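Both complexes shown next keep subunit A, but they swap its partner, so subunit B is in the first and subunit C is in the second.
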Partner chain A sequence: MTSNDNILAVEDLGVHFGSGDGLVKAVDEVSFTVRRGETVALVGESGSGKSISALSLTKLAPRAARYAGGRILFEGRDMLALSDAELRRIRGSRISYIFQEPMASLNPVFTIQWQIEEAIRLHQRGVDRKREVARLLGLVHLPERLARAYPHEMSGGQLQRCMIAMALACSPDLLVADEPTTALDVTVQREILNLLAELGRNVGLSILMITHNFGIVADLADRVYVMQKGRIVEEGETRQVLYDPRAEYTRQLMAAVPRLHPRTEEEQ
Partner chain B sequence: METEKGQSLWGDAWRRLKKNRLAMACLGMVVFFTLLALYGEGVHQYWKWKDATPPFQLADLGKAYTAPGLHHWMGTDGLGRDVMSRLVQGARIAYKVGIVTSLIAIPIGVFFGCIAGYFGGRTDDFVVWLYSTFASMPGLLFILAIAMLVGKGLLGIYLGIGLTTWVGLCRLVRGEVIKHKEQTYVQAAKALGLGPARIIFLHILPNIMHVVIVTFTLRFPAAVGTEVFMSFLGIGVQDEPSWGLMINNARMRLWQGMWWEMTFVTLAVFLLVLAFNLLGDALRDALDPRLND
Partner chain C sequence: MMAPSSSPAGGGTLLAIEQLNVVYGKGRGRVHAVKDVSLSIAPGEIVGLVGESGCGKSSLGKAIVRLVDPSSGSLRYKDSNVALLAGAELKRYRQEVQMVFQDPYGSLNPRMKVGNAIIDVLSVHRIGRDRNERREKVVELFESVGLDPRWAWRYPHEFSGGQRQRICIARALSLDPDLLVADEPVSALDVSVQAGILKLLRSLRETRNLAFLFVSHDLAVVRNLCDRVAVMYNGEIVESGPVAEVIDRPLHPYTRKLLDAVPSF
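So, the complex of A and B:
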């Protein structure tokens, strides 16, 4: 494939916190790409810099963060060079996010209807918002009557579906899913992952999946980047990384996935 | 789990409030005073329209210091004016002061609190400096200075109280916004591409509205009290029957046994302040989502 297929290309990105002796390189010369329609996983433990990398794509990293170098090319444009207003036009309409904790990601005082409409209102004019909300709820397999519900009346899985509906409201090109299933029950995790896989296939969405769980990677991702301490330590096709991990750290991460059956000698 | 009909946070709060008998009694009292004040305004406007001196301002020295009885339920004052109708007019003034000062103080406090909390940095430094400066001056002295500056009368009271009592609310709102801006729903709103103004006032503010409402119910009686005090000192309301003026007048003959004016006016102030304070407390509990039962 040529680089023209890349919808996103991050080149030598550095995101730093603090300065002098207290300098922390949360993201240190990280490069990765996402192709059109592809699902890419960014794997690493807490604090490895994977979430900061994801948030940095539209400059959403915490205020204390400093973008210390590199480029983030989204459809050929360097996101780091864009103005706030230009970034706001891209957020939510071209690049959408879903977050780890669906219970905290929705505004507690508004109905689902209002919140999904808010996502539409901002980037699209002249659409029938009521019908659009119904369509989006259908897309994520939620009953239409839930539109009138408030977040505290719904379960975590339902809320994450709502978040996905909001993220899809303006048919984005790239969906960044930051640990989308970590806060959910195991059975619900499965449903959400299936939904994401289905959307990736049907809508032709590119997905950047941030996770610490190799179980998710195996199911969903076409390619994997493994991050440790702000650097990428391994990258490759999912199959190849899963069956033949080169970095010691990747092996450790994979061994950390809990299993139902006890390990045999051979596996260890 | 799922419910058919959405139950809003406000609906929940109302349900909790209804269960609190004391709070409902206070709400009744507040409604009663509100109606009284509206009636007073009606009477006031009527006499203004007729271009005549209203009876509650008309001196009739022959009837001075009539004890409470059939004709004057709460007696008359030193100029023979009916205490009860003056009391109603006093409620009108008290409400005006409570509402107008709130309309000045609450928007200032909310606005500065929001931008300080959300933007932090220099903006925050400036706002904190500003309210610290206001807070470091003795409140009453400051109010007196403003009242002197714009002249005696209601305008002085409005500005004096309005411009000095936003500090507490500002501090509260700032703290709440700082707490809320770190929450994921704000992050999610940013990720949707919303601008700061929309996030602050449409997404965060409704979540901290309970702070504003509780503050309103608590500062309302405080403003009324301050007005009474200023009028008592003679720099407040001039020729309208404010409760403060009435207390000041009643004090003259109290020692001769003319107890009624003093008693009824202080009782009215007491009941209004108590009702608002207790209602404010109950609202604070009812609106706190953490106490969800």
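So, the complex of A and C:
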């Protein structure tokens, strides 16, 4: 595998908060890669630094954060060295995000049409926006008429589909999904996971999935990185990490996962 | 398809719900949230109640603690009709049946030290002679849920999600209940924190013979914690039985759909 296959290569990234005695290395010499068309999972508990790592990719970490070394190579260019204007051209266009709380990510006073259009207005010219929104809604299996709806008229699952449609508006190369199904019911979660898998296959989207759910990792990810206290403690192919974890921490984390069929799992 | 569940042999019955209905609103806005539900809980038993958002599981939980009034059906607790309780008897019922909610931050007053939140409960129910005695009780409760008692005089924002849930459990335990209705108590927590809370719930059953109605949408958690489980769909209980049986050999298509949806490895 040559490095050209990597759409994203994070090298020794450090993101720190505070200083002196209060110094917190939220992200501490973290390296990971995402190849074209690949789905990579970053797993860990709250506070492990996985969300800060994800936000840092487009320098969206909270203002108090300090980028303390390392590189974030997106298609070979170092994101940390780019100007604000250059970053804005990449955010929402080449790299887009979906988050845990779809209701909190949407503006309650605008229609879905308006919100999905926003990214197109910002990044593309000469596009028939109405048709484009209809196409995007189709991509996430929502009926076209929902374009006229407001967020409060929709269910959690529908809202998350809208968020994905918004994220796909400018045909990004990388989708960062930060706990996209944590707030959803199992059956709705299943539909969203199937949709993401389908997009990975059909649209050739690269996905960086942030989660604490090993079930989702098993379901979706080609490779996985396990984070603990700002560091990556294990990485590998999903099957290898799940069935033959090397790091003690990965083993502990997996032992904490309640199993649906406890006995049969042990027999395997 | 109704399967009224029977309590395990020899356990007796703590709570018996029969043909319970909860209806909100009227006319076009009428919502029949709980439909003819029958369910029983024995002392020290952990019963899971699973289903999706909107299936009526929280309404059933609220009806049990009398936060909503059922429109028909009966709720019997230790041989008394819950609907008819009033005055001192109702107060007594509210001591013995406690509730813990999903969002531990939303359930704690942000401007009140957590220990004082527990002391309030003790004062209302006149437990302990004076403030000192109640403070001692708080220390005891903190220890019983695995929290350092020195933290009792801090504010909610100083605690993590898992710690806050332990505080809510300590508060629920302060009245020495027999039944705890826990509505998604671990859904907002990380796996390892969740594992800690589940362990705590199991030990409370052992040490206090506390019974639980454990409302959850997480079948794996239910499989690991509960003795029996009832699956709720669209206001009705569509399947119930011993947890291993229902999860390993589901009979109702909805139970199968729920199980198939769980991402697992």
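In this section, the second predicted complex is superposed on the first by the 261 of 268 C-alpha atoms of A that agree within 3 Å, B and C clash if a C-alpha of one lies under 4 Å from a C-alpha of the other, contacts with A are read in each partner's own complex, and residues count from 1 in each chain.
Keep this in mind: contacts are C-beta pairs under 8 Å (C-beta built on N, C-alpha and C of every residue); 3 or more make two chains touch, one makes a residue touch a chain.
The structure presented is a predicted model; accordingly, all values stated were derived computationally and were not measured.
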Contacts of A:216 with subunit B and subunit C, given as first, second, both or neither: second
First, second, both or neither for A:89, with subunit B first and subunit C second: first
First, second, both or neither for A:203, with subunit B first and subunit C second: neither
Which of subunit B and subunit C A:99 touches, first, second, both or neither: first
First, second, both or neither for A:123, with subunit B first and subunit C second: first
Partner chain in contact with A:257 - subunit B first, subunit C second, else both or neither: second
In the superposition, subunit B vs subunit C on subunit A residues touched: B
Touching partner for A:111 - first (subunit B), second (subunit C), both, neither: first
Which of subunit B and subunit C A:23 touches, first, second, both or neither: neither
Parts of subunit C lying in touch with subunit A, wherever the complex brings them together: 52-53, 160-161, 190-195, 198, 217-221, 223-225, 247-248, 257-265
List of subunit B residues in touch with subunit A within their complex: 1-9, 120, 183-185, 187-195, 203, 206-207, 289, 292
Subunit A residues within the subunit B interface of the complex: 58, 60, 63, 87-93, 96-97, 99-101, 104-111, 118-119, 122-123, 145-146, 148-150, 152-155, 158, 163, 166
Residue numbers on subunit A that touch subunit C, as the complex places them: 45-46, 156, 185-190, 193, 212-219, 242, 252-253, 256-262
